[in-house]
Amino acid sequence: MSAVVESVPSRSDAGGTVDRNVSFVRRMLKQPVTAVCSVALVIIVFSTVLAPVIAPFGPLEQDLLNAHSGPSAQNLLGTDQLGRDIFSRLLYGGQVTLLGVFQSVVVCTVIGMVLGVAAGALGGWVEVATMRICDILLAVPGLVILLVVLAIFGQNESAAMITFGIIMSPTLIRVVYSATVAVREELYVAGARVAGLTSRQIMTRHLLPAIAGPALTQISIVAAVSCLAGAAIGFLGLGVAPPNPTWGNMVNDAQMAIVLNPWMLVPTGGIIAVVALSLTLMGNGIRDAYAGRSSGSTSAFNWRALLARVTQKETIEPRETETSTEIHRASAVLEVDSLSVALPKGGDEVKIVDGVSFSVAPGESLGIVGESGCGKSMTISGVLRVPPLGAHISAASIAFNGTELTSLSEEGMNAYRGTGIGFISQEPISSLNPAYTVGHQLTEAVQLHRKVGRAHARRIALELMTRVRLPEPEVVANKYPHELSGGMAQRIAIARALAGEPKLLIADEPTTALDVSVQAEILDLLSDLREQSGMALILVTHDWGVVAEACDRAVVMYAGEVVENADVRTLVRKPKHPYAQALLRSSSVGTAPRELLPVIPGAVPPPGSWPNGCRFADRCEFVEERCTSAPIRLVHTADDTSARCVRVTPILQGVK
Amino acid sequence: MKLLLEINDLGVVYKGRGRRTDKVALDGVSVSIQAGETLGLVGESGSGKSTLGSCVLGLVQPAQGAVIFDGQDITRASGKVRRELSTQIQAVFQDPYSSFNPHRTIEQSVGESLTSVPRLSRGELRSRVVSMLERVGLDRTALPKFPPQFSGGQRQRIAIARALLPEPRLVVCDESVSALDLSVQAQVLNLLLELQRELGVAYLFITHDLAVVRHMSNQIAVLEHGTLVEHGDAIGVTDFPTQPYTRRLLRASPQSDPDVQDARRRTRRAIAGLSGASAAGPVSGVDILRALESQAVAESMAETSAIDTTVFETALTRLEAEPVDSARVVELRAAIPEMAARTRFDGIPDSARSAADTARLDLCAELTRNGRTEGFADRCRALSSAIKSGDRERAMDLVAVLDDSDDSAPIRQGSSRGQRE
Amino acid sequence: MIGVIVRRLLLAIPLMLIISLIVFVLGTLAPGSVAESMLGSSATPEAVAELNRQLGVDRPVLVQYAAWLQGAVTGDLGMSISGGRPVVEILASRMAVTLSLAVGALLVALLLGISIGVLAAVRGGLIGRAVEVLSVLVRGLPNFWLAMIAVLFFGVTLMWVPVSGYVSFGESPIEWAHALVLPVAVLGLSEAALIAIVTRAEMLSAMRSDYVRSVRANGYPWKRIVFKHIGKNAGGPVMTMTSLVFVGLLGGTILIEQIFAMPGLGAQMVASTQTHDLPVIQGLAVFYTAMVVVVFLLTDVVHGILNPKVVAK
């Protein structure tokens, strides 16, 4: 359904960090590691191909008097037990080993691409059969089968490496298959079919570019593993027989002389390590270049990093809202003063929420309304301290029932989360743990928040399920989240949030993912629960209908700021801020059909590009000079309304 | 007028995989679109509305029925025929993020819809793409850019440009504005309407949003679980629906008016209470009647609702001319819920409806018995004038005290008389 | 859960059949016959044909396979060509070495991998970075080479552990353990990195999920979130990785047995490969596959317990 997700960071990620104008190859080579690896590989491949030209000695040329010598000017990498030049033998040996890698990779690539694309694009029995074959091949120990093949075909290294390519193909098939399926589901492929493209055109324009990245990554890994497998065969004394060199049997030679001449281990194993490592690193490079992110971007992420930084700051705005806040202040359940949330962006911080203040009285229902990118979800993430990675929260004060939350530690916060403030999120099913039954999860929440025994908690959990009007609680309790409808899952999430009997429930777009008829039921349920328990509610939404239905007061947000704070009736009938006015007008509800709607030109300015003055100025029909010169203050008006507009007082005088 | 698209008895079954059973997505649906008009297709998730669009686009093969475009049966058209059709039928999808291949430029993506047009030079293609982009409010600087560089609203404009580039006669808009914010949504809706007027293109407009579909459509078809439940002109279906499902949908979709929402919720609760499903305890017919009456007034006062006070006014005038008896009072009172479309049709269960009717008869009989009919008539007149003058608070007050025994107190006679004159 | 086990078992049977059939058919494709290699190059064609008839290899492939299968079911995998001993006997005598190695290494990999993975996911910083670097190294460095360096260092230079050989558990448990330390460590450590990567990646992706945000916002203590909620969800993919790690580990035992001169199945496999002893190789391949099947079954069961959604599919 219409999931209007407030996802500022991910959107700016998609738009900002990926510069699609730079070609894929150039992006890859921009990574120093990948560039070095590519160069190393190219040099190694060319040297082995040109071995007869470059090598100072023949591969079998012996010098028994000079056996086991270390590196010297004559023998760059020393000599082996028969006095043969290790450097030359490595060059010649590489021909065998790298040819094996090539054979294996070609076989694997052909099988992987053909079967992967076929399974993904055709579906049906082809898909089922291919996936079954993959399952079987994945269970085959590769080296064992290699030995079987070598036993049967003698010392035929090519046969072994081609077989290895086949054994390695299932991982590539799977990668290609899932990339194909993902693309097949993309709307732009449906669009291409609607546009009249032939299957071949869709394949070359849309499918191949999309699977190229993941496939190349996997192929480079296959190459690395093949290199190691080929070396292993040689090491075991199979494959190409001595005295002809391969990288593998040279390691075997080194093992024989491990005590006598440990040095031999270095160049022989080293070259294998360099090639395999380079291939692996190139695979990572391809993956990162394809995804358009710098390598190692996840290394900063961990549980600790998830815990937000919180700082307490001086209040930035002189308290012009005093009259309203004074009233609330004494009794407010939650009072937020100058809350800001900033997210990291390219070493810098970008404010998503900027000095937001509001308060909620006991039993009151407060709506936070605005379009996506205005920071409404981030505001409550800031209050509950569960923002995205790397966020920085600062506020003059976040007071819950008179307790200052900003100065609390994460553990300290937990004393209030759940028991003081409950939370339900937008996606009901994914907000529940897929691995536990809903009954278990509810019982757990009750146990945690009420400190009761398991059996008692289970009883309370079933009562809660009845309270949120779930039919047959006993049956539903034994189901997993994915077995429930969205509406039922949201009821469970509400029950979980109620487990701690919170004084305030925060709901982040609780009905956006649901059908309208289910939405009405959930909103009714929330209202009823509020009446029964006297708990306050903060409801984040983009839907004015939901605000009208379920809220007493509402805070309108625009570009990270509160632009209006008013009683819902006043807000809907006599909005003071031009943005609220225009937004309500542009709704298609109840308009004359097929007439043009009055629209607000332009779009919400994204975080980081907010002007100094009024943030709505360039879309506002009443814009004046004083609007853009300095930040606009929130002005409190007679009917307990605040608005962030220079025209507010005149408007008021005109009306009254 | 000539039918551009005719869908006859369409049925679609999604084959279940493994142990999953087959799912009937569409079952015997017949609708049609006239050239240059809009058919709105509305329903909740799983109603099959998107499947129908996919059938028209040839993305899904129906199990039965026919899709006839401009007299030509295209139900199972494939390959060459379908490619030729691509200049005639186009689509704008929901998600502005996955609608474009992130690896291709805007020029490549938009120009794609002219792929099947033979012998189009590169320059010619580019100039057509540019003029279409300009038409949707972008310019030629967009050509070499990639989709991630645009916002959701801009992408949806580009999607519209791509769809309209080959000058199609039908565009399937599948939840085209659902992912957009209110202010951007209005812009895109206007763009679609303007383009329809200029180019005479017909839309198959698929959405879950009743307000949007009402705004955009000439005809509306309502789908539920794959079957067509209601079909008619847009105003008829949204303001005067005949089917319980349509009514339920309309009742559930919230309006941005708190009074209306309050009143609707009270009605919902009262009805739920009658069937014993409410936590608030037992409910009588009187509660339902009062809830309906206040909802009717609330809906009438909200300028956005479809209202019709003629029955109420007629009953009032007849009250002036004829002696006030019990039958007249009942008639007058019964006219109150008739004022607003939503209380007239409100998909009330029969039990609730009859409970309200009985309560009305009882209350009116009591009024007559106690000789308070005149006071009641006065309050109704005051109500009428309050509605006409748009005095919302007063109207809501009045409807709440229709049965009040103290005839004078809350009416504030003077003010009401004054307003009437 | 029993249903899952039964279903996996039913899948395992065709798997075993297919693998054994492939190995068998491949065997018949071998240039030269078994008889030729047994009798040597001086044998007369008549003698070869006679031996072929005695061995039954002149019959159609499928008939031979059926006969082999019949024997396999009753525990008879044929006779070794070179040694003349029954294949089953060879397997039995060498099984303990390989199982000790493989199971030991798997335990090391699991314990170490999961601990490091969890630590990296929770603490991040240096450990997180180390896991990323390790992941690349493990894929890139040949483990037989690393094993030799370990032998050189711990065995030759420090002389902490024996350089090679194997002592059975029955003979002396202490020496058994002593002999196994280095090979198990080498084999297990490299695979531990793979498990650590998957553990960390799965935990991190769970940390970004909506349900973790929800339980955090509802005041669950972090230990409960990490070890219970995230742990159970990350466990499934870790189990899948474990089964794949085991497949790789079996290949590793062949090399490790070679390096440490341990009389296991892998050493036998290499020796039989050199002598083209097909019955032994067939028997070994089937036995290796059987081990994989058992481990897949176990990990599937654990996965099923951890994630009910998999069972539902």
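A, B and C are the chain letters, set down in written order, and residue numbers restart from 1 in every chain.
We adopt the following convention: a contact is a pair of C-beta atoms (placed from the backbone, for glycine too) under 8 Å apart; a residue touches a chain by one contact, two chains touch by 3 or more.
Note that the structure is a prediction, hence the values are computed from the model and not measured.
The chains in contact with chain B as well as with chain C are A. Every chain gets a centre from its CA atoms, and the centre nearest the mean of all protein CA atoms is that of A. Between the Cα centres of chain B and chain C there is a gap of 62 Å.
Averaging C-alpha coordinates per chain places the centre of chain A 34 Å away from that of chain C. Work out the mean CA point of chain A and of chain B, and you get 36 Å between them.
Partner chain C is touched in their complex by these residues of chain A: 136, 138-145, 147-154, 221, 224-225, 228, 231-232, 235-238, 251, 254-255, 258-259, 262, 265, 269, 272-273, 276-281, 284, 296, 298-306, 384, 386, 389, 410-411, 413-419, 422-427, 430-436, 445, 448-449, 480, 482-483, 493, 496-497, 499-500, 506. Residues of chain B that touch chain A in their complex: 38, 44-45, 54, 57-59, 82-87, 89-91, 93-95, 97-104, 109, 112-113, 115-116, 144, 146, 148-149, 151, 153-154, 159, 162, 175, 178-187, 189-190, 193-194, 208-212, 214-218, 234-235, 248-249, 251-261, 265, 268-269, 279-280, 302-306. Of all the residues in chain A, the ones that touch chain B in their complex are 1-4, 14-15, 18, 20-21, 186-188, 190-198, 201, 205-206, 209-210, 371-372, 515-517, 519-520, 523-524, 527-528, 532, 542-550, 568-569, 572, 582-584, 586-591, 593-594, 596-601, 603-604, 606. The touching residues of chain C, when paired with chain A in their complex, are 15, 18-19, 23, 26-27, 29-31, 120-125, 128-129, 132, 136-137, 139-145, 148-149, 151-152, 156, 201, 204, 207-211, 213-222, 224, 226, 229, 232-233, 244, 247-248, 250-252, 254-255, 258-259, 269-270, 272-274, 276-278, 281-282, 284-285, 288-289, 292-293, 296, 306-309, 312.
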